[in-house]
Every structure is written in C-alpha cells, then in structure tokens.
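First chain A sits with chain B, and in the next complex the same chain sits with chain C.
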Partner chain A sequence: MTMDPHAPRPSLLAGLTGRAAAIAAVVVIAASGLPLVLSNYQVGLATEVLIFGILAMSIDILAGFAGRTSLGHGAIFGVATYVVVYCTAQAGLPPVASFALGVLAATAVAAVFALLAVRTSGVYFLLLTLALGMIVWGVCLRWTQVTGGENGMRGDVRPVLLLGHHAFYWAVLAGAAIVSFAMWRFVRSPFGLTLRGIRDSESRMRSLGYNVPLHLFIGFTVSGFFAGVAGALYAMFNNFVSPSTVALAQSVEGVLMMIAGGVGTLFGAFVGAAAIIALENVVSAYTERWQMVLGVTFVLIMIFAPEGITGKLRNMLSRKVR
Partner chain B sequence: MDRRQFLKTTTAAVAAAGLGAAPWRSAMAQAGPIKIGLLAPLTGVVASGGKEMVEGVQFYLDQVKNEMGGRKVELTIEDDASNPDTALQKARRLVEQGNCHMLIGDLLANTGLAVANYVKGTGTPYFIPIIAADDLTQRARIKNVIRVAGYTASAFTHPFGDWALKQGYKRIATISQDYTFGHEQCGGLAQVFTEGGGEIVQQFWHPLNTADFSPYLGQLAELKVDAIFAMETGADSTRFIQQYASFGLKAKTPLLMAMNGTDQSVIRTIGEEAEGIISAAHFAEGSDKAVTAKFTKDYEAKYGKIPSLYGFSMYSGMMWIDAALKKMGGKVEDRDLFIDTVLKTELDGSPLGKAVKFDAYGNPVYDVTIRKVVKRADGKYWNVPTQTYPEVGQFWKYDPETYLKQPAYSRTFQGIKKA
Partner chain C sequence: MSLFQLLNGLTFAALLFVVASGFTLIFGLLRIVNLAHGALYLFGGYIGFTVATKTGSFVLGGIGAMAAIAAIGFVLDQGLLRFVRGNELRQVLLTLGVAFFLNDLALVIWGGDSFTVPIPQLLRGGTKVFGTFYPVYRLFVLGMGIFVFAALWLLLNRTRLGALIRAGVDDAEMVEASGVNIQRVFLFTFLFGSALAGLGGLMGGAFLSLYPSADAEILTFSLAVVIIGGRGSLVGVAVGSLLVGLLNTLGQVMFPELAYFVIFGPMAVLLAFRPLGLFGRAT
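And now, the complex of A and B:
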C-alpha cells in the first residue's frame, strides 16, 4: 500500500464524509507516529493490539451487525496462522504466497463453518461455532506430522524487509487501515444493511423476499476472510504457532475484546484490544493473579458500560454535546 | 463531539499513556546488576511445577546472597501461563523492556520452543534446565539456547531400556501422554529394549488430562506383559498411579515410569500406591550422598517439602551459570564469551555429588540412576537410587552422527526394531 485510504479525498471515497475522513486520517497519522515515542517492546504490543483489533472487528461484523456471536473465529484466525507458518517453514514458499494461502485457507474454513452454522441463531449458533472451533483445535493438536502437535511449528516467517519492530508495525498498521476501511464499507453497504435487517427481524427479512441463509453465509465467510488476515499477520508477528493459537481461549479473547470495545461499534474493537492487552501486560507485571483482575474488570465493564468502552464514550459525549 | 471536548479527551489519553511509559523508560540503560529473566508457569495446567521452579532459583540466590560472578543479581519473574503465546510475549518483555542479560526457565516444551525460536533472533542467552525437547541439543540446535542442568527426554530411558532387559523382561507395554515429551521418552526405551531382543507389545497414547484410565488399564491387564512403562506428568501421573493400584495391577505387573512420573511433585500427594515404582533419572532426592542429603534437608527446612526435579534443576542450573560467571569475572554483557564459557564450564558441587560437563552438542552428561520409590522413616515417600549407569550421554551407545540420521522420536517413529 502506498496510499492512505483515509486520506482526505472524500469525493472519491463514497460514504466517507469529510469529518469522518478527517478523524480517520488523524487516528492513522497518530498511530503511525507511535513507534517514535514507544520502546521496542511497546511497539510490539501495539502491533499485537492492531492484529487482535482486526480479529475482534471481524467478529463484530457478525455479532454487531448480523446478531450472531461466533466462538469459532479464534480457530479461523489460527488456521491462517498455521498455514502461513507451514508454507514458509516447511514448504519453503515465499512470504507473500504463504500469506495469500493462509488467508485463503481461513476463508475456506469459514465457508465450511458458515454452511453448518447459518441456519442457527442465538445460543445454538454460539455452541455450534464453539464445537467447530474445537474440531480445528483437535486436528491441530493430533495431526503431529503436519502441525507439530503440542509443540507447534517455528520458522522465520516474517519477510526480511519487515524484520525491524518499526517496519513491521507500520506494515501492520497499513494493513489494519485497509481492512478496517473495507469492513466499514462492508457493513455500511446495502448488503450490510440487509445483515442488520436480519439481526433485527429474521422473519420479516424472509417475508420481504431476502435469502437469509445466503446473506448470513456470505457475511460469515467475509468475516472469516478478515479473521484470516489477522491470523496471517499474527504468524509473521510470532514466527511461531501452536494449538493455543486455535484454542477456544483465542476465540473467547477475541469476543471479549469486541464486547469490551463495544458490540456493533466496529472500530471499538481496537479500543477493546488495546484495553485488554494493556491490562494483561501491566497487571501481570505486579501480580500472578492478573487473570482475576482481568475478570473483575470485565464484570465492572458489563455492569457500568454494557455497551462497551467505545459505546459508553460515545453516549457520554453525545449527551454532553446535546 | 465538539473540538474542545476532543482536545480534552485526547490530551488526557496521551498524558495517561505517557505516564504509563515513563517508569519503564527510565528503568532502562543503567549498568550494574546482572539481570536475569525467569520464565515460569505460575498459572495454567503446570502451575505447581512452576512455583517450584521459582523456589529452586530463589533458594540458590539466597545461598549466594544474591550475588553471582561478583555482581548483584536482579531477578525478574514472569508468568508464562503454561501458554506458548504468553511465554513469547513475556520473553519479549524481559529482553526488550527489562533488558535482561539472560533468560532462564519455562516448563512445557511448547513454551520453551517458542522462546527458543525468539532468542534465536535476538541472541539473548537462554537457559533451559527443564525443557527436555530432544532436538534442541540434537537436530535443531540454537547456539544461545543452553541446557544447563537439563536433560534430553530420551537420554534416561535409553539406559532404562537396557536395565529392563537385564531384569529379564521380554514383553513390555507402554502408556503415555500423547505429546512430544511422551513420544521421546517412550521412544528411547522402546528402541534400546527392542534392539536388545525385547518386545514392545503395544503402545497406548492418551490425551493430556485424562481423568479415567480404566479403558487403558483394562487393556493393559489383558496383555499379560512382564512390565508396563508409563510416561505421565502432573495430575495425570497422580491419577494413573492411584488407578493402577486400585485396578489391582500393582500386585501383578511391575510398573516402570518416566522420572517425572514419580517426581516429588507427584508422589508427595499420594501414599503407598507409589511404593516400589521404578524410574531412571540423574537426580534422586533419596540418595545418601552427603551433598544430596544436605540439599534435600535444607530445601525441606526452607520450603517444607522434599525438593522436586523442578526445584533441583533450576537450583543446579543457576549454580552452573554462576560457575561460568565467576570464571569470566561476571562480564555477562559479552554474550559470545558468556555462552562459550558456560559450555566449557563444569558443574561442580551440585546436589548430584559429581562434576557434570556438556557433550559436544551442549547436552550434559550424567550418571543415570535407577530409582525406586520407598517409604522414608517419617512416612513420606521418595526416590532412592538402586543402581547407576555412569556417564550416559544423550546418544546412549550410538554413534552421534548415525543417531542423528534417524528421525526424531514421534508417535509414528519409536525406533522399534522389527523382529
């Protein structure tokens, strides 16, 4: 990418108003300046925030706009990670090809998940995606010859050009900006509106003549594609993959980030990812009971800001302005 | 959102971020103490072992008054949460933010391998007294990853296979947790045992965290073998030993276990069910050697429990590093010299009671003892050595180069010689 998609050329970017474009540009510019003030390790954390932000956003496409919370996206994410590491470390493919194959594999897996899951909703959807994710985890754990089993796989996945912390961060930031914009366009498109319609009343959409399962299928697959992008980036970030990357905990973490940021806010995903990763890192430096602190924080968020951090801020601001 | 509000919020956010960053930055870049980053699983499935790892390190640092190679030691402990992704992140923090001169620790092979892959890029010396993955000192060596006071998984089961042959056992069945550590330990035994004329009748692989062993025990009882070799760790081991006894197999078939199966961390929670189990290891807490007895006694006085392999290994690993640092005047900043010195240093005065040195591949060569679980005078159980195989390396009696040509042990390759 050579050009910032958020650059203030609103006439070319359908749907992006002048003000939104300006805010987006400010955020991206501020984010790209971060490495100049942060230490290397913190740049690494910021990179992780971006990657998990993309994952949480992809979950938000379904949860916030189609009303279906997936617990299988960690697995889709991890499939991309596995494929990218396998292709570079074992098959010796160049990074670009591996990246493409990883995203493709994740999209394919998402399509299979979608076929099985679109006819369900609510808790059944949750359980079905959870089960499908567990299957992926089981395969990664037991198929030792290919996946390396419990030990996982290692390799020099990251292209030489991006070896530095800063270079990689900027690359991920550019990627995040592109996919964020794409996701934003996606949920604002007529197709996205249809998804929202399905969320609000499936039966009404059906009686209006919309093919509900087909819409959900496409929505799920597209969401899986974005999760795959995040997973492929994660492979380059860690140069390593093991079953914990496809485990249920990964899916749950993505969902929690999305909820903490705010369901249906899309960009809140980055806020949620930042909040959780920062909390994990700061608190774990002081106590080994950091998971407890994390849990309590969640409970507090759910009680005082059930609409998520971004949602809460937005409400507070709009109330004040009024 | 109006402009004033926007400015207010952003200023607050930036200020908050700055405040968070300040103490981290100022902590950097001051020479002085030797900074050691300790990674241990303090939460997650192997948390109890992780705690004993920390104890082992602290026990050593207390003894040397927190000074190694003439310099103060600053120890930073991080929880790897028994998870490779977390381990990797914590390793990054220790190296990039904590500016640690070296890393030590990790318990599970997958966490260790993840960190090893990371330090391959940074060049930070990383010491692994617990991580037993064979290939780290065999087919996939990394120069700055050193197994101080550690061992390769198959190194002790090679002589164990030999010992089993000498007991006149002809038919053995194995049962093991289904992951690399298990594959490697079983492989070591299976290869030596079958090459010496024994037969591995059947091998069972069960997932980690198996609550009920009865399906396996039922089949094992049917096989009518001379002995059973079990490779279990942690809670699985506790359950296996208990169910093996309650199934009535204990009275019929001798039970051989991997050293981690009868480690103190397991048998201190169970009783007579563990009595009589045989295992092979470099360390036996019940040895009557003076240094071992003193170590066990002091450790018990301090922490109220007999030391496990985790405590022992970390303690000895620190001792080994210290010996190297003393030799080079504590100049830990010179990484290449540091790594070379460690590799050339012998571990002397450890609870093993005998000097230990590295082979050409960076793996320690130990006297391997065959140990038996017996009851101590005070009613506690511990491992007592019954027999010793001196100077056992990771390649047993094989030629290293030929050995390295065979694939690494896995579920599908166990080195079993076809009759």
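And now, the complex of A and C:
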C-alpha cells in the first residue's frame, strides 16, 4: 500500500463527525442507564445482546467489507469460551489471564482457518468455513478428558469485582463500546478500504499490485480476534461451556443476527442481535420449538428482507418520502 | 485394516455415494448448495421406517421415502428457492433455515428416540466373504451403491435427458438458447437428487439407525465428499465417497477421539490447494 509520505497522518478519530460522535455518546449513555429501569433478568438479556452483537459485528467485517460470509465464527467464538472456562476452572488461572489466553487461542484458530480459507470465495468459502467449524465441534465433543465431552464444563469465571448483574453489564457495555470503535476504525482504515476493493473486484485489486490473500488473511484473523473477545465475554456471562457453544447453530445465529441487522452496516449487528434474542425469548415463553422458529425466520429474511431489518426500514422510509 | 473393516468402509462409502450423488447433481446443475440435503436424508429415513413398519414391505418403504422426499423437494424448489434464484449466498442460507426447520419438525413427529428400519427377511443374517462372516444387508447396500452409480452413469451418458443435464452443468444459458426448456430439466434434477437423499435415508436407516443429529452428520460427510470430488462430477463423487468412507473407518479404528480430523484434515488441505476439488472444473 503506497501512501503519500507528505500527507498528514490521519488522526485516530478521522471521519468521526460531530454528529456521529454525538449519536454514539447518546446511545452509550442510554444503554448504560438501562439497568436502572430493567429487571435483573432483562439486564442479563441486554448483556447477551451486547456479547452476540460483538460476534455478529466480527462476522460483518468479513461479510460486509470483504464479501465473504463465514459459517465458522461460532466455532472461533466457542474456542475462546472453552479456553477461558478451562483455564479458570481446571488450570486455576486468574480471570484476566484466562481471558487473554482465550482471545489469543481464538485468534490462533482464526489464523489457521484463514490460511485455508483465503484461497476460496463465494459458496466454497462458506462450505470450507462450515466444515472447519464442524471439526472444532467434533473435537470439543469427542476429546472428553479436556473438554468434558457432551456434559461440558462449569466454572466460576467472573472476576469478583463483576459478580453483580449490573456491574457485569456495565463492564460488557464498556468492552462493547471499545471493540465497536476499534472495528469501525478498522473498516474505515486504508486497510479496510482495500478489503472493500477486494469485495468489489478481486482481479482488479490483484492487478493493482495488492496481495489479495495476505489482506484476506489479516482481515479474517482480525475478525476472529473480535469473535474471540465475544466468546471470552460469553464465558464470563454463562460460567459454563458445552459443545452447543461451538456448534453450527451458533455460527448460524451469528450470521442471522448480522444479516438481520444489515450486511455492511457494522452497528446494525446490535439491532440484529437484539431482534433475534428478543424473538428467542418471546417464542420460548410459548413453545419449545425455538429451532423451528429460527429456521422459518431465516427463510423469511432471505426471501423478504435480505438487506436486513435496518435496510428494509430505510428502504420503506425512503419510498414513503418519495 | 482387516477385511471386515475394509468392507465396513466400502459399504459406508456406497451409502455416502447414494446421498452425495443427489447433492452434487443439484450443486452441479442448479448451482444450489442444498444444506437441507441432510434433513431430507433423515426425513426419508423416518418416512421409509414408518411405511416399512406399517406395510411390512421394505420395497414400499423405499418407494414411499423417495416419493415423499421428492415431494418435499418440489415444495422447497418451487415454493421457496424460486424467490432467491441466481443469488448463491441467499440460496445456501435459505436451505440452512429449511434444514433447521425440518430437523425440529422430525423431532416433533418422531421424537428423540433412535429407530432402525426393519431389514427384509431375505437380507437378514450373514454370509461368508473370503472367509470372513459379514452381514448380508451391508453387502446389499454396497450392491445398491454400485447399481445407483451404473444407473446414473447410463442416465447421464446414454440418454437425451442426461445430455441436457451435462450441457446444463457446462452452460445452462446456451442450452436454453437452443430451445430447450432448461427450467424443466432443473426441476427434474432437483426432484431426482432429493429422491436419492430419501433412498439413502432408508438404506442408512437400516444399519446406521435414525436419530435427531443424523442429518448433520450425513450432511458433513456429503459436503466432504463433494468438496473432495468436485462439483457436479459423477466420478468425483464416487472417488470422494470411497476416500471418505475408507478414511472414516480407518480413523474410527485408529484414533476414535479425533476421527473427524482424519477426514477433514485432508479435505481442508485439498480445498486449499485445489479449490474446485479433484474432478471439479471452473465455469
């Protein structure tokens, strides 16, 4: 990547207009006030929305900005959860150290996935990430001595300071705000622009002299790092991990949240996560057939609103205005 | 590896071939990665089981399974997939949603217990194969695999319809331009491929048994077969099935805990270096 050496170094906040900053501040302040009006159970749900919002956002980095939809991010997420629970419950490490190790392990797994996946695109990318995710799932299920097999593992992962529902929510909110800002910076950086170029025309970027596989590799690994952060937070939220945390359904839910929020909108991920988790809770109150409803939701969104809920609303609004 | 294990690998490969050939026909011609294929397999098995136990006839079970799954395939293709034609990603994700739905529906109808399709009297018991005692039914599965391969080969290479399907795999637009109703060929292929999943469900249901996560397992194996063999290639599916069937048996014998790696390790490496599979061609 060649850049004019005399150009002023873009500041960390480049592109952050006053209006956007104000909106972001209002949203974060409003979100931090939520525990004051919600019940403990609802605060737990809000925490879950934030965690899965981060996962969906990490998928969006690849899907929305590099044009590659991953069905393996649930597995990367789950690896972090497994490592964090294992490190605190079995190896007796302090929570902060296990958290770091969990994110590191997820990033390493993502790097291995990336090495294999960057040469493919389109449906083949989807199939390969799906298959790689299945390997992780199979290993977690069968490697009973370490992972506890089907029964999973339990452990008190949360640091003492964050034991309360509210304290933990605020910690996750702060974490979500930081990683959201980091991801937003990432996709707006010159590197992020290159990814967008690859999405739009791989051959053109290659003939311009960009190393396409290397860019995709880094993009995938960075995306996996953020999925790992979400997974490590989930370990602290749940204090429990089992093969269903790394299963295909996890990846699928993440992708569905990302799509529902709108591909390429980044922050739409939180809207999508809120919509899917709210739906899950409403449905679960009436029936045990959540999986069926999830399947139908997927089909309906694919047919009627592939641009996501936010995109659909935007389209409807702009049509009204005209 | 003993002869017994080799035969186990071969019979599993035969089952995989029946299921995965339907998958690859659809993938090759219609460009649809049908992730509901595993669910169709499971449904076929359950329906075949129900028909076979109610009527006492294995053959009727097979016919019932194939007809019912072709009907589900018709609804899937004409009722849902037609809305997302031409968009690969939306198609894949839509079939994934259908897979979740069908899997849960099967749980509602047949519950979480595992079932085994009753084997007809004629195929029960065992026989000597080169001095090793081996179940007759599994040899029947092997025979069925070879029969389906031969039938598909004849269909694709010796009939007009087969010629149209092969032409469609290479260039669907040109086929349409020469005055053929390619949509009808597409629909036939989709129903036929689905029916093969149903047949596989009945065949597999008699020796692997049917349980709620059997669909995900057979789907992953089918994906491995198609990824190794290459999209839309009959010989590719046969070679892929043999590789996956034998590797899986070998893996289960040698390192049961990491059996998954034995198949998916080679598959992932192959895909990294030959993204289109052993026999796949770029379009």
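Assume the second predicted complex is superposed on the first by the 283 of 322 C-alpha atoms of A that agree within 3 Å, B and C clash if a C-alpha of one lies under 4 Å from a C-alpha of the other, contacts with A are read in each partner's own complex, and residues count from 1 in each chain.
In this section, a contact is a pair of C-beta atoms (placed from the backbone, for glycine too) under 8 Å apart; a residue touches a chain by one contact, two chains touch by 3 or more.
Computed from a predicted structure; not experimentally measured.
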> Of the partners chain B and chain C, which touch A:S39 in the superposed model: first, second, both, neither?
Replying inline: first
>> Applying the document's definition of touch, where does A:V139 land relative to chain B and chain C: first, second, both, or neither?
In response: second
> Looking at the overlay, what does A:Q291 touch: chain B (first), chain C (second), both, or neither?
Replying inline: both
> Taking the superposition as given, does A:N281 touch the first partner, chain B, the second, chain C, both, or neither?
Replying inline: first
>> If we overlay the two complexes on their shared chain A, which of chain B and chain C does A:I303 touch? Say first, second, both or neither.
In response: second
> Between chain B and chain C, which residues of chain A are contacted by each of them?
Replying inline: 142, 144, 291
>> Per the contact definition, I'd like the list of chain A residues that touch chain B in the complex.
In response: 37-42, 44, 48, 142, 144-145, 149-152, 154-155, 238-240, 242, 244-245, 278, 281-282, 284-285, 288, 290-291, 313, 317-318, 320-321
> What does chain C use to touch chain A in their complex?
Replying inline: 31, 33, 80, 83-84, 87-90, 92-94, 96-105, 108, 216, 220, 223-224, 227, 256-261, 264, 267-269, 271-273, 275-276
> Which residues of chain A touch chain C in the complex?
Replying inline: 69, 115-116, 119-120, 122-124, 126-128, 130-132, 134-135, 138-139, 142-144, 248-249, 252, 255, 259, 289, 291-292, 294-299, 302-303, 306
>> Help me check something: in the complex, which residues belonging to chain B touch chain A?
In response: 1-2, 5, 9, 18, 20-21, 24-25, 28, 42-43, 78-79, 83-85, 88-90, 92-93, 96-97, 109-110, 113-114, 116-118, 121, 133, 178-180, 208, 410-412
